[in-house]
Every structure is written in C-alpha cells, then in structure tokens.
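What follows is a pair of complexes built around chain A, which joins chain B in one and chain C in the other.
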Partner chain A sequence: MSITIEHLNKQFGSYRALNDINLEVNSGELIALLGPSGCGKTSLLRIIGGLDVADSGSLLFHGEDVQQRDARERNVGFVFQHYALFRRMTVFENVAFGLRVKPKKERPSDAEIKRRVHELLSLVQLDYLADRYPAQLSGGQRQRIALARALAVEPKILLLDEPFGALDAQVRKELRRWLRRLHDELHITSIFVTHDQEEALEVADRVVVMNKGVIEQVGTPDEIYATPASPFVYQFIGNVNLFHSRDHASWTGQHGDAVAYTRPHDIDISHVQQDATALPVEVKLVRAIGSVVRVEVSTQNSSELIEIELSRERFELAPLANGDKVFIRPRQIRVFETGAQHELSAA
Partner chain B sequence: MVQVQARIATHESKGVTLLLIGTALLYLLLFLGLPLFAVFYEAFRKGWELYWAALQEPDAWSAIKLTFIAAAIAVPANLVFGVAAAWVIAKFEFKGKSLLITLIDLPFAVSPVVSGLVYVLLFGAQGWFGEWLSAHDIKLIFAVPGIVLATIFVTFPFIARELIPLMQAQGKEEEEAAVSLGASGWQTFWRVTLPNIKWGLLYGVILCNARAMGEFGAVSVVSGHIRGMTNTLPLHVEILYNEYNFVAAFSVASLLALLALVTLLVKSLVEWQAKRSGEPLHHG
Partner chain C sequence: MAQFKAHSVLPGFNLALGYTLLYLSLIVLVPLSALFFKTATLGWGGFWEVASSDRVLSALRVTFVTSCAAAVVNVVFGLIVAWVLVRYRFFGKRVVDALVDLPFALPTAVAGITLATLYAPNGWIGQYFAEYDIKIAYTPLGIVVALTFIGLPFVVRTVQPVLEDVEAEVEEAAASLGAGRWAVFRRVIFPALYPALLTGFALAFARAIGEYGSVIFIAGNMPYISEIAPLLIVAKLEQYDYAGATAIAVLMLLISFGFLLTINALQWWVSRRGVR
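Take a look at the complex of A and B:
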C-alpha cells in the first residue's frame, strides 16, 4: 500500500517537530527515516501509525485519507523501540493478541489462531520460545517477537521505531540483514526510523534524511552518499572535510563566501606538486584502521586539520610518515554558498 | 608473616550490630508491641464471657455493620476513582495535571477533622446546601450518607497514589501496541493495563480499606454519635471508654487491632507476590 504525505505539520508547544513534510512512499518499498535525535522522524512515524495527530496537512494510504481513522482501524503494524511486549502474557499470547481482540465475527477459531501464531513464530525462527515470558528473552529475541506480533494482523504497512536501537552491535548487524530478507519475502510497505546512517544505507531501498523537522533529502542510499543535497546531509552521512573560500579560493571556485566539502577518501596525496591547485601540507598522524589507513595532515600557515583515507594497497605503494611534506588535491568536491552553511552550523 | 584480615568497609563489629538491633527491637516493643498486648489483655481481663457479651451487644453490632457498610461503599468508589485518575495522569498529557495530583493529595494534607467540618458546613442544617437538602428531605449530616462521604474523602488518595508512579513507570507503549493491533479501549484496559497493575491495585485497596474502617476524625464530626445508628467502630470505642466501660471498649478495640494485624499479613503476602511476579510496588 502506498503512502502519500502532503504539507504535514506538527507542533509541540513552541517546538516545531514537523515542518511542511512531503513524502511519497511506494507500495512494497522499505524506507528509512534517518536523522539525529529530535529531528522529527519518530513524530512522523507515529503520525503515520495513528498514535499522534498532525496539526495540518494530509496523509493518504493508497490515495485514501486516513487522518480521521483511529490507530486500530489503520491496519498498520507498529514495532516499538523498547519492544512493548505485553509482560503478563507468554510469547504465544503476545503474538495471538491481535487475533484475539478482533470482533467476534472476524475472529479466527482457536485452532486457526494456534496455527497462525506458530507459523509466525517459525517465520521469526523462535517457535521454541512460545511458552516463555518476555522477561525471559534476550533483546534480539524480544524484537523478533514484537515483529511477529505486528505481522499477525496482516498489516498493509509496517512501521518500525528504532527497531535495533537498544541492541548491541553484533545482534544489530544480524537483525538488520534478517529484516531486509524478511521484507524481500513479504513485500509489506515498511518505514523504519533510525539515527544510524550505516543501518539506513545498508537496509533501505530509499533513505529520507531529516533535520529539525524538515526533509533534507530523499534518495537511494547511493545517491544520498555520493551526492548529498545539503551541507547537513554531507556532514551527517560519513566523514567530511570543510574548506572555507577565504583560505581555499582555488578549490571553492569563483564563489564569494562559500564552503567546499570533500570526503576523506576523495583526496589524493602526492609527494610532488601535480598542478597549481594542489595544497602543500605536512603529515601529522598516520593510523591504520582495519582495511583503511587514516592520515591527518595540516596546512603550513594555519592549524586546520584535514582527514584523508587511503586504502591499504594505495598506502603501501607510496608510504607516508609523520612530518612528510606532501601535496593534496581533492578528486571530488562540492561547494555550498555560506547562506546554506548557517543552517548547518546551527545544527 | 603478617596476617591480613579481609575487612569490608561497611562492616560493623558484632557489638555495634547487636546494639542497633536491640535498640530497634526495644523501641518497637515499647511503642507497638506493648499497646497491642494491652488492648487484648484489657479486653480479656474479665474473661471470655464478658468479651463475647460486649461484642454481641446491639449497639456494638450496629457499629460493626456501619463500619463495613462505609468501607464497602468507600473502597469500590475509590477503586474506580483511583484507577481512572491514575490512568489519565500516567497516560495522557493535559493542562492542570499537576493541579490534579495536588488535589488528590489534599486529604493527606488536611486534618481529617477539618474535612469533616467542611461537610458539615456544606450539607449541615445551617450549611450552604442545608436548606435545599432539608426541603427535599435528604439527610446527610448526622446520618449514614455523611459518614460514607467523609470516609470516601479521607481515603481517596490511597489507591490513586499507589497506582500513579507504577503506571508512569510502565509507560504507555504497551497500550499503544495493543491499540495498533486493533484492540478497543476496553480490551486494552482489561487485557493489558489491568494485569500490569493488579498487585499495586490490591495493595492500594488493602491500605484504603484499613483506613476506611479505622477513620476517626472526619467521621466523628459528621456522625453525631447516635448510638446504634451513626456510630462506627472507632466512635463506639470512644463512647464506651468515656463511660468507663473498659472491658467493652477494649473488646471492640480488639476487633480494630485484629483488622490491623490481618491487613499487615495480607499486605506482606501481596508484596511478596508482587515481587515474585516482577511488578515492584511503589512503597515496596
């Protein structure tokens, strides 16, 4: 089921949580809402799920306005950050809940409920835990039960609020791959909220980057990383070096007051000066981290540090040591005028 | 070779430990144990027969009945009120929330005698609504309804106070999950909220009941002390005592003391159960 959001606004007291949000989610898509805490991503998710109400704007499911519909009538599965499993019920009863509360004429028989619950528990590979209570499960298991519970009512849309936020790194990685596979099997239109860029880029079909109640950019993970639409996206996704026009006019171009952004791995290092735009620098720190080598250099006349990443192979072709005098040149650089930069520094 | 003895920083010597425990026990014995013993000792001093006779006397019976009636109305009324108040306070944001919490605490802050007087001022013959009430032949003050009203007022914080922190700590995610799964408000309350608070609720009911049966000040003001009609157990004890009828006074008082002991026992059982089921109580 597709979701259309138009001119959505939400205010909490004097705090503007959502500011004129427009978004189109295609049927069967897996979307990530990505942004720092307080950017409005969870508010947006809760409004879509019917747990909060927008102040203005429209929200359509498959072309149909659903704003007047209660959460219980939207047919949306919601997975909470802290699982929100019913602590007084067994795993089985948790998953069966959505079926048991159906009106009498729609409610499946006990045998049918049993069959469906076990089917869902097998889907999340936790059938053997049916008789346990939530307190007896690990975080990863709880989250999978929460997902099975949400899927039990066959929702047309699945909403996940920081689904892996409370888990440790290893379980997180495993679960997000598993979520991606599950989505490829079920094809439910899904939106998940995260503040972890790696998670968003790895799992989602498209990523929505939000900041201070505004959508900064919508695009595929590749687009978001390769061509950030704003200084904020540049800084939020991956590492970045900043060059002010007053010091580096040759890099920022003819712009009056501007800032240029470049990724650490988009900078070339050379022992000889290739051309006039190359910047003479001194190597301050060389550190190998796994498959990459991180080099910090500084310009001679100012103390600004520039971060550069080289692959190990590349580094071994032309090794560097602290104190080396070298020349750097960006392979790729994006320039934003300083007007836009103001927003960024306020973030 | 030097022997190093392991010492824990918070470990006291045996003498200090014994002294502390002894002081606490002595204090309890003096101020709790002795009076409790005295109540039963005085009640049975002249033998079983007089004890039984004192309890079977018609006025005593009527006091027992009235006490149970007042509690039987006040406790369910405050149960409904307490759950409703805790529900709105814990699960919703609204203006005037802290004012509501303050109001719930009011009976704890106000002397019971004052709350009784307020009822007399409002509903008594000379009170604000007195004329209207007597014109419609409704008698609240110096009658059973006044006693029930005063009891409700004095005991209404108990259940709400017990539930508010519990429900606040539990948050509203489980309720939101239930609603998103298609449950109605009623289904959510019965299947999710109530099971989550049942031990806290029971604990509040026990305390509320103990106070409802034992309340003296507020009830004393609105009762009018009409023997056999508007006397509750605590009031009856006072009357008997003032008449120098010590055996009867202590016999009736022993019922209240027994009630306190039963309350303590049930309270401990509930605490133990709550702890076992992982629902830590506010007052624990």
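Take a look at the complex of A and C:
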C-alpha cells in the first residue's frame, strides 16, 4: 500500500517537530527515515501509525485519507525501540494478541490462531520459545517477537521505530540483514526510523534524510552517499573534509563565501606537484585500519587536519611516513554557497 | 548455623537477623502469645460459649462484611484515582495527590464524627439520601462509608507505582494491533495491576477489620445490627471480662489470618504466571 504525505506539520508547544513534510512512499518499498535525534523522524512515524495527530496537512494510504482513522483502524504494524511486549503473556499469547482482540465475526478459530502464531514464530525462527515469557528472552529475540506480533494482523504497512536501537552491535548487524531478507519475502510497505547511517544505507530501498523537522533529501542509498543535496547530508552521511573559500579559493572557485566538501577517499596524494591547484601539506599521522589506510595531513600555516583514506594497495605503491611533504588534490569536490550549490569536478 | 546462611558479600547478617528476631518477638510475638494465654484461661467450654454467642457472631459478621465491602469499593475507586493521578496532567494534581493521604493523617475519631455529621439524615449529604428513605449514618452502610474513607490510601498508594510502570508504549502497541480501549484495559493493563490491586485490597481490608475510632461514631452501635467486633471487645473490657475480650480478639485474629493467607496464596499464584 502506498503512502502519500502532503504539507504535514506538527508542533509541540513552541517546538516545531515537523515542517511542511512531503513524501511519497511506493507500495512494497522499504524506506529509512534517517536523522539525528530530535529531527522529527519518530514524530513522523507516529503520525503515520496513528499514535499522534498532525496539526495540518494530509496523509493518504493508497489515495485514501486516513487522518480521521484511529490507530486500531489503520491496519498498521508498529514495532517499538524497547519492544513493548506484554510482560504477563507468553510469547505465544503476545503474537496471538492481535488475532484474539478481533471482533467476534472476524476472529479466527483457536486452531487457526494456533496455526498462524506458529507460522509467524517459525518465520522469525523462534518457534521453540512459544511458552516463554518476554523477560526470559534476549533483546534480539524480543524484537523478533515484537515483529511477529505486528505481522500477525497482516498489516498493509509496517512501521519500525529504531528497531535495533537497544541492541548491541553484533546483534544489530545480524538483525538488519535478516529484516532486509524478511522484507524481500513479504513485500510489506515498510518505514523504519534510525539515526545510524550505516543501517539506513545497508537496509533501505530509499533513504529519507531529515533534520530539524524538514526533509533534507530523499534518494537511494547510493544517491544519498554520492550526491548529497545539502551540507547537512554531506556531514551526516560518512566522513567529510571541509574547505572554506577564504583559504582554498582555487578549489571552491571564485565564489565569495562558500564551503567545499570532499570525502576522504576522493583525495589524491602525490609526491610531486602536478598542477597549480594541488595543495602542499605535511603528513601528520598514518594509520592502517583494516582494508584502508587513514592519513591525516595539515597545511603549513593552519592546524586543521585533513583526513584522507587510501586503499592498502595504493598506499603500498607509494608509501608515506610521518613528516613527509606531499601534495594533495581532490578528485571530487562539492561546493555549497549560501543558498545555491555548485558542483565542480577537479581533473 | 552455617547451613542456614548462604555466603553473602553483604556484611552484618548475624547482627541484622538477631535484631529482626528480637524486634519481631517484642513487638508482635509476645503480645500475640499473651492474647492466646489469656484466652486459654477460659478453657474450651468458656471459649466456645463466647465464640458461639449470637451477639459475638453478628458483630464478627458486621465487621468482616463491611470491611470486605469497603475494600471492594476502594479497589474500584482507588484504581480510578490512581489512574487519573498517573495518566493525566491537570491543574492542581499535586493537591489531589496530597489529599489521598489525608485519611492516613486524620485522627480516626475526627473522621468518624465528621462523616457521621455529613451522612446523618439532616446532614449535608445524608439529607439527599433521606429523601429516598436511605439511611447511611447509624446503619451498617455508615460503617462501610467510614471504612472506605480510611482504606482509600492503601489501594491508591499500592497501585500508583505499578501503574506508572506500565509504559504507554505497551498500550500503543495494543491499540495498533486493533485492540479497543476496553480490550487494552482488560488484557494488558489489568493483568499487570492485578497483584498490586490484591495487595491494596488486603491492606485496606486488614486496616478496616481493626478500625475502631471512626466506626463507633457513625455506626450507631446497635447490637446484632451495627455493632462491630472491636466495640464488643471494648465493652467486655469495661466489664472487666478480660478473658472474654481476648477470646473475641483471638477469633478475629484467626479469621483475618485465614483471609490474608488466602489472598497471599492467590497473589503467589498470580505472580507465578508472567515473570517480570
């Protein structure tokens, strides 16, 4: 089921949580709402799920306005960061809950409920835990049960609020791959909120980057990483080096006041000066981290560090040591002025 | 001794346990056993005579029935009060919260006199009931009113923290799964509150059984109708019938003990399901 959001606004007291949000989510898509805490991503999710009400704007499911509909009538599955499982029910009863509270006419028979619950529990690979209580499960298991519970009522839309936020790094990684596979199997339109860019880029079909109540950019993970639409997106996603026009006019062009951004792996290092735009720097630190080598350099008259990433292969072709005097030149650089933006490709 | 004590990093086990036992003996055990010793002077025959007298039996009935009724009323309305105090924000909430404790603080005799005045047929509240020929003060109904008054804080104060512990998220999860308000309450909130409600009930009930000060002013104290067991004990004391008085006390003790045991067993059974 597709979701259309138009001119959505939400205010909490004097704090503007959402400011004119427009978003189109296609049927069967897996979308990530990505942003720092307080950017409004959770508010947006809660409004879509019917747990909060927008001040103005429209929200359509498959072309149909659902703003007047209660959470229980929206047919939306919601997964919470802290699981929100029913503590006094077994895992089985947790998952069966949505089926048991259906009105009498639609309620499946006990045998049918039993079959469906076990089917869902095997889908999340936790069938053997049916008789346990939530307190006896690990965080990752609880979240999978929460997901099974949400899926029990066959929702048309699945909303996940920082689903892996409370889990440790290893389990997180495992679960997000598993979520991706699950989505490929079920094709439910899904939106998940996260503040972890790696998670968003790895799992989602499209990423919505939010900041201070507005959408900064919507795009595929690749687009978001390769062509950030704003300085915020540039800085929020991945590492970045900043160059101010007053110091590096040759790179930013002839603009009055502008900032240029370049990724650490988009900078070339050379021992000889190839052209006039190359910047003479001194190597301050060389550190091999796994498959990449991180080099920190600084210019002679400023203390600001520029971060460069080289592949191990490239580093071995032309090794560097602390104190080396070298020249750097960005392969790709992006300049943002006040308001307008220009893209320059050096070389 | 060693086999009773598991090794613990906490110091002072022997001292603390010794103190606990001494304290409990002095405060609880010695007076209670004195009660039984004094009763024993009656012999079985004498005890049975007191225990089976109509007046004692009806007083016990009045005491336990009104206490139970008051505790039930408190469970229902105490839950509502706790709910309002936990779930909503409103002007004057702190004042309302403080008001709940008032029955703890007020001398019970003052409460009894006030309630008797209010609920008398010509009192502020009693007059409206009088129109329908309902008498509250000086009837068992009046006893229930007084016992409800003194028992309220017990229920509110036991339920409140537990209710605060039920996250709003859990309710939201239930709602998004299609549960209506009633289903959310019955299936999610109530099971979480059940043990606390039972405790609140037990406390209010136990408190009501022993209540004397507020009840005697509003009860009218008519033998066989609105005379409570504690009053009967006092009456016997005034007649220097100490053994008779303790016999009633022992009876009350045994019945109360039976009730509390049942409630505790129920609680144990409830909390065994669903580990927190």
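Keep in mind that, in the parts below, the second predicted complex is superposed on the first by the 337 of 347 C-alpha atoms of A that agree within 3 Å, B and C clash if a C-alpha of one lies under 4 Å from a C-alpha of the other, contacts with A are read in each partner's own complex, and residues count from 1 in each chain.
Heads up, the rule we're going with is that a contact is a pair of C-beta atoms (placed from the backbone, for glycine too) under 8 Å apart; a residue touches a chain by one contact, two chains touch by 3 or more.
This structure is a prediction, so every number in the text was calculated from the model and none was measured.
Asker: Based on the superposed arrangement around chain A, label chain B with chain C as either clash or fit.
Answerer: With chain A as the common anchor, chain B and chain C collide in the superposed model.
Asker: Check the residue A:Phe78 against both partner chains and state whether it touches chain B (first), chain C (second), both, or neither.
Answerer: In the superposed model, A:Phe78 contacts both chain B and chain C.
Asker: So, does A:Leu51 touch the first partner chain B, the second partner chain C, both, or neither?
Answerer: The answer is both, since A:Leu51 touches chain B and chain C.
Asker: With both complexes superposed on chain A, which partner does A:Val292 reach: first (chain B), second (chain C), both or neither?
Answerer: A:Val292: touches no partner chain.
Asker: Touching A:Gln136 in the superposition: chain B (first), chain C (second), both, neither?
Answerer: A:Gln136 contacts chain C only, not chain B.
Asker: Hey, what residues of chain A end up touching chain B and chain C alike?
Answerer: Shared contact residues on chain A (touching chain B in one complex, chain C in the other): 49-51, 70-72, 74, 76-78, 80, 82, 84-88, 97-98, 101-102, 135, 146, 149-150, 152-153.
Asker: In the complex, go through chain A and note every residue touching chain C.
Answerer: Chain A residues touching chain C: 49-51, 70-74, 76-78, 80, 82, 84-89, 97-98, 100-102, 133, 135-136, 146, 149-150, 152-153.
Asker: For a test of understanding, state which residues of chain B touch chain A in their complex under the given definition.
Answerer: Residue positions touching the partner: 173-174, 176-184, 187, 191-192, 195-196, 278.
Asker: What residues of chain A sit close enough to touch chain B in their complex?
Answerer: Residues in contact with chain B: 49-51, 70-72, 74, 76-78, 80, 82, 84-88, 97-98, 101-102, 135, 146, 149-150, 152-153.
Asker: Flag every residue of chain C that touches chain A in the complex, lowest number first.
Answerer: Per the touch definition, chain C meets chain A at residues 167, 169-170, 172-180, 183, 187-188, 191-192, 273-276.
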